[in-house]
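There are two complexes below, and they share chain A, which is joined by chain B in the first and by chain C in the second.
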Partner chain A sequence: MAKTVSPGVLALRKVVDDVHADARKAHAEGRLVGWSSSKFPCELAAAFDLDVMYPENQAAGIAANRDGEIMCQAAEDLGFDNDICGYARISLAYAAGKRASRKVDLETGEYVINPNSGKPLKDENGKVVIDPETGKPKKDPKTMVPYTVLDDIYEIEALPEGREKELRKAAIKPYRQMQIPQPDFVLCCNNICNCMTKWYENIARMRNIPLIMIDIPYNNTVEVADTNVAYVRAQFDNAIKQLEELTGKKFDEKKFEQACANANRTASAWLRVCDYLQYKPAPYSGFDLFNHMADIVTARAKVQAAEAFELLEKDLAEAVKNGETTTPFPEQYRVMFEGIPCWPKLPNLFKPLKANGVNVTAVVYAPAFGFVYDDLDGMARAYYKAPNSVCIEQGVDWREGICRDNKVDGVLVHYNRSCKPWSGYMAEMQRRFTEDLGVPCAGFDGDQADPRNFNEAQYETRVQGLVEAMEANKAKKEAEAK
Partner chain B sequence: MSIYTLGIDIGSTASKCVILADGKDIVSKSLIAVGAGTSGPQRAIAQVLEEAGMTKEDMSYVLATGYGRNSLESVANHQMSELSCHAKGAAFLFPDVHTVIDIGGQDVKILQIENGVMTNFVMNDKCAAGTGRFLDVMARVLEVKVEDLGALSAQSTKDVAISSTCTVFAESEVISQLAQETDKCDIIKGIHRSVASRVVGLAHRVGIRDLVVMTGGVAQNVGIVQALEEELGHTVHTSPLTQYNGALGAALFAYQKYLKEQKA
Partner chain C sequence: MSTEVLLNEFKEVSEHPHVVLSEYKKQGKKVIGVLPYYAPVELVVAAGMVPMGIWGSNNKTISMAKEYCATFYCTIAQLALEMLLDGTMDQLDGIITPTICDTLRPMSQNFRVAMKDKLPCIFLAHPQHRKPAFGLQFTVDQYTHVKNELEKIAGTAITDEALREAIKVMNRSRAARREFVKLAGQHPDAVSAVNRSAVLRAAWFMEPVPFAEKLEALNAELKALPECKWTGKKIVTSGIICDNPKLLQIFDDNKIAIAADDVAQESRAIRVDAAETGDPMMALAQQFADQDYEVLLYDEHSNQNRRGEYVANLVKNSGAQGLVLFMQQFCDPEEMEYPYLKKALDNAGVPHIKLGVDQQMRDFGQASTAIQAFADVL
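This part shows the complex of A and B:
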């Protein structure tokens, strides 16, 4: 049976598609297109009507499309260490002009199919068809794809007009994240991570374009001090000045206020959508939230994003009323998934969870992007609080709050090789989760973008162990209740 | 008439089986020194049945564990993680256990046990340092048998620090110690301390409570056990059945599952 997609989800997909289409159009028309870190104040760019793309989302999309490894390797060939964040490596390779392409035969113009790709061919009874010559399953030609090769957009552009140029240009993978325009400026706010600073500096130097930087120091206290707010406010003012110089336009306060109102409305709707995971069983999975990250990051200041999340909220209310869920299995256990998913291995990540009836009902993104503020000081305070710029007390508090509200039975922690600051304090957090919440935790090694850092067998054992510990914990609690 | 259950533990370096009668008496056991993806599992099963004078049909329930557990779907009634099976086996051998340290071929596991049941655990990251494989590599470099490491370390008279926590770099550290003609026994003790400090660092994440039990093949190495005791400040208990602990736990779970199914 075909999976039905709710109107809210369709609207959210359209919002992201439009953001990409608008940026491609702006670039084609010679207007400026910027690249921005995920938690740079989008309200500022919106006040200047600038089209902005988000390399973190782009890298996640490239990784999910299985091109993370080739792009990471391309960055390593450019001299970037493989210890650097996978998103950064993918983005730096892309900024350098590297593209994942389909291998094309320049003589025939045909794509060269990889014989090792594709799924087994099945007969009308759903049985795998065996090739009598090899004794191995036959491949379904419809699922076979061309070899992936690395190409270079600047090399292609330097070619004389003609067949080769056309073929190589057309061979670049067509999905939207491999088609975003090169940047004319970069907007960097290092509240989301510190690697970001050097990542964006490198892009700016590589492309010889302006870098507008907002520095958010790590906050050792739960509250944001007034002096820190003043430091960020001053940087907002400076960023406005730089944007005025870049665009040749005056800062439009009305547009800015509208963008702030939209961002607040989107964030509020997003938080309400996240809250639906508190229902037991949940009407959807936390993995769906990961997919909606694209909207909350790329379109937070757009009214269309707010409207789409509000529509999704209605869908969810209806689903709860009707006792429906998009989770394709009965929910037996509820866990918090800590960290960014391994995008290249999403199906492998999901498989043992599905097999054991484990629904992800909590992720830490909700408070991270769902912030609402009243004024400019409030806005500065809000941007001061991102997952990697807050102290451990605040981090634990956020997570334990979601775990309690969303009634989790355990915590699955992704020790993400790409994100050292996030993974670094997880061992201590895990200890506190168990102590404070009385739930078991399991950690596994992986990476948000580089598939070389994930081992399926090790992951499966840890998930199964977590399930068995949750089972024992549940039995213990039930026995105590009797 | 007795109920017989078979526990199969297919690890990364060895295949182990235990047949239990009525969930309490060990009828037979087998160990083949190759694990998942080899002929080991089938040979271990054949051997344990032969030793017991039984056939597969005599088994009321078969439960598989270890990395190769999913390859035995046609043989086993059920699969479980080696984490719970090690906890179960350790609690059978030492009823007061609260902490299990299991060092396997490629994994280090620290299990927290409450009333004989695993309630939390922590495992090593994707690194062979501190695992059985680490000791295999070191034994090869030192040209000694892995089973002799414990006795040799007992003869150490001088502290030698093996600082690296990476198998490959620790290997070069050992080679450089050998080049300086450092006594092998001292190097081995240094290796044991290096393993122990890594394992203990992991153990502190879930907390250590007496009784501490060590399971897995590496528990046969008295040098490691001693180094762990020194690092932990707790007595570390081991059993002669240590290598069979996972399979024993699997056979115990198999018995429980069988009884549950009968009730249902």
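This part shows the complex of A and C:
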């Protein structure tokens, strides 16, 4: 979306690339690599210098790279129902060894280009070149890509050494999320959903590896009771013991404290970056924030992540000072985007928003990763407050807080087919947003990873409806002001 | 009393829970609705109140609940909300809302919001780390909350003595049900699939002592029967719930007997008893900790396929020839465990079919064809 990329954004990209490169290196050198749920206390793994990858983030990346469907289908072929969370399906297929690969001709060793791929070829004046033979636009060969096929690393591994093995290995798509090493252990925290528990159990079973579990039961009150904190604290001790057994190392308290300090610093910088959406017009779009999710998920306990977010913060201060924004259109309306984005359909999500001057200036991810705490009890309390583990009052309070602070005119609610705990009380939340904030809400059906569950026509109609309601609201307010 | 008379009495209760509820209210009793799964009903009994299970409905259509839920939620939860909204359960004095699955988590909030000022909703969060000391303590803490809330409704304190007595009563009810499941499997000529379900379903609606007495009487009748020379097939059922008489009639029509079950509403709920001595709250926590081979619960030995193998062995040991899995639509714990259940069944040479079901199903033509075809290959 942004034409020029700011130093902060570049730094954030590097942080994620490095995390992935480190994990691949660790795996290649025979060191342990774990897979972790996004809101597992990463501070614990950091205390043991463990390289950790994040399947949710990976699945989002695979979906954004348009391979969500083939991976979801691969999981379905393994027996996982298409009702199951798309992230889980992608991850389970990956854990089973399935990979999205480029179709390769084993004779010639060349990739087989999909004639339906690619963008139209444009001439020097930017006009689409028409093929005189077919009367249809010509394709720009540089944008054409090979067919995507499904492969299996265990099948490849079993092949005799030789050309086919090498070609198939090399044909696996090269983007980082399709190159994550298989796990040696898994870290599961079910504060976001219970699906996570079964998802990680399945991985542990598939790969016959240890599972370290932090259980955070659902909470019905805004406060986290001391008894609940005690339960989680005891599990931290338990997890430390398991990590000691796994690594053969003693728990390094100093490293742990440093990881906590880093995680707090990252979370605070993240929250401040999110707060820049309060400016009117906002210096960037909430969609840009989605791009930084990878950092807050994969590198929270790393000092580099904190530094990169702090750098981005500076960029944003500068942008505000200069009255600049990365949003590529004039901001007419400001909305909260509720839920996880439909990663495979980000351009389609953005299109009608752009057409109507709607900027996303609030996303629930802001408080969702703002784990800030003082001590171990505070850490237990912080992890108790994930988006799907809190009661409706807390959930509404978070959202209405950012809606007010970030001055939204409406709310766009993603009924995410992949996420039952998230979507499960959205109808009531919508009623409360309208009642408490006087803003219109519109819901649409979609999915965080499986493109088959998104209906573009419905989405566009709902956005249109929301825009009309915001327009009417605005006119009413202006009339009242007069 | 004859087997037939007893079975009909259970069937009456199973088909008309609202009549039973009205009867309790006429007698001046307080009644607590209990949603799935693993709520400690002993606490309700110890408070002198009647627990009634809420497992959706086979006769209702989701309408008012749509104000709270998108379509992709389990119909058991949606129909429970529907019955709270449409007045079916107006006579209840409170409900207990466990939150062990991803549908029940947000639904606990919907229940509470929808029933505001109308009905106390007692929240219950179970731990997944249920076996270690800290897990047991967490269960005790949560059960203590439930106990306190129940005491408020009952207007009386729950003593340890009363709780121990309630544990005995529920153990007796569970033991009678386990015995019945065994006997029904041995005497399918006397207990049809439809009647078997009615008996087990009635357990969720009847007061535990009268239920246990009646079931013990039925069990005695069944025990006295001569050995059954069953010429049909035998299967094991698995899933969250399969209590629709129309669906079960297909089994009876095709002479398919249910030898045992791995069903949440049936045997999964009665596998484990609580200790009758010692601290009764800890006994209930330990009972929950001892639940095993359960799709909803964390398995510390998750790198093994314990649950799948347990179910495969259940089929073999019960003398059944195959397994029918009732896959509750939108139930991700069941769906997540299916590939490894299938693996264990295939490894053990146990044939199975997976039937997609939900409580708004009205046409069983497809299910009938699938079940018939499955029976033919057994």
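Convention: the second predicted complex is superposed on the first by the 480 of 482 C-alpha atoms of A that agree within 3 Å, B and C clash if a C-alpha of one lies under 4 Å from a C-alpha of the other, contacts with A are read in each partner's own complex, and residues count from 1 in each chain.
We take it that a residue touches a chain if its C-beta (ideal position, glycine included) is under 8 Å from a C-beta of that chain, and two chains touch if they have at least 3 such contacts.
Worth saying up front: this structure is predicted, and the values here are computed from it rather than measured.
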| request: After aligning the two structures on chain A, examine chain B and chain C and state clash or fit. | output: fit
| query | Which of the two partners, first being chain B and second being chain C, lies in contact with A:C403: first, second, both, or neither? | reply | neither
| Does chain B (first) or chain C (second) touch A:Q235, or do both, or does neither? | second
| query | Is A:A442 contacted by the first partner chain B, the second partner chain C, both or neither? | reply | first
| request: Applying the touch criterion given at the start, work out whether A:A64 contacts chain B, chain C, both or neither, answering first, second, both or neither. | output: neither
| request: Between chain B and chain C, pick out the one touching the greater number of residues of chain A. | output: C
| With the two structures laid over each other on chain A, which partner does A:Y415 touch: chain B (first), chain C (second), both, or neither? | both
| query | Does chain B (first) or chain C (second) touch A:A427, or do both, or does neither? | reply | both
| query | Which of the two partners, first being chain B and second being chain C, lies in contact with A:N202: first, second, both, or neither? | reply | second
| query | Between chain B (first) and chain C (second), which, if any, makes contact with A:I84: first, second, both or neither? | reply | second
| query | When the two structures are overlaid on chain A, which partner does A:V358 contact: first (chain B), second (chain C), both, or neither? | reply | neither
| task | Can you pull out the angle centred on chain A between the C-alpha centres of chain B and chain C, to the nearest 10°? | result | 70
| said: Quick check: superposed on A, how many Å separate the nearest Cα atoms of chain B and chain C? | reply: 5
| note | chain A contact set shared between chain B and chain C covers 415, 427, 445
| query | Which positions of chain A touch chain C when the two form their complex? | reply | 78-81, 83-85, 88, 190, 193-195, 197-202, 204-205, 207-211, 213, 215, 217-220, 225, 227-228, 230-231, 234-235, 238, 388-389, 391-392, 415, 417, 420-421, 423-428, 445
| For the complex, which residues does chain B have touching chain A? | 67, 70, 80-84, 107, 114-115, 117-123, 125-126, 205-207
| query | Touching chain A in the complex: which residues of chain C? | reply | 67-70, 72-73, 99-103, 105-110, 112-113, 123, 125-129, 132-135, 137-138, 141-142, 295-296, 298-299, 302-305, 327, 329-330, 332-333, 335-340, 342
| field | In the complex with chain B, residue positions of chain A that touch it | value | 415, 427, 430-431, 434, 440-443, 445, 453, 455, 457-458, 460-462, 464-465, 468-469, 472-473, 475-476
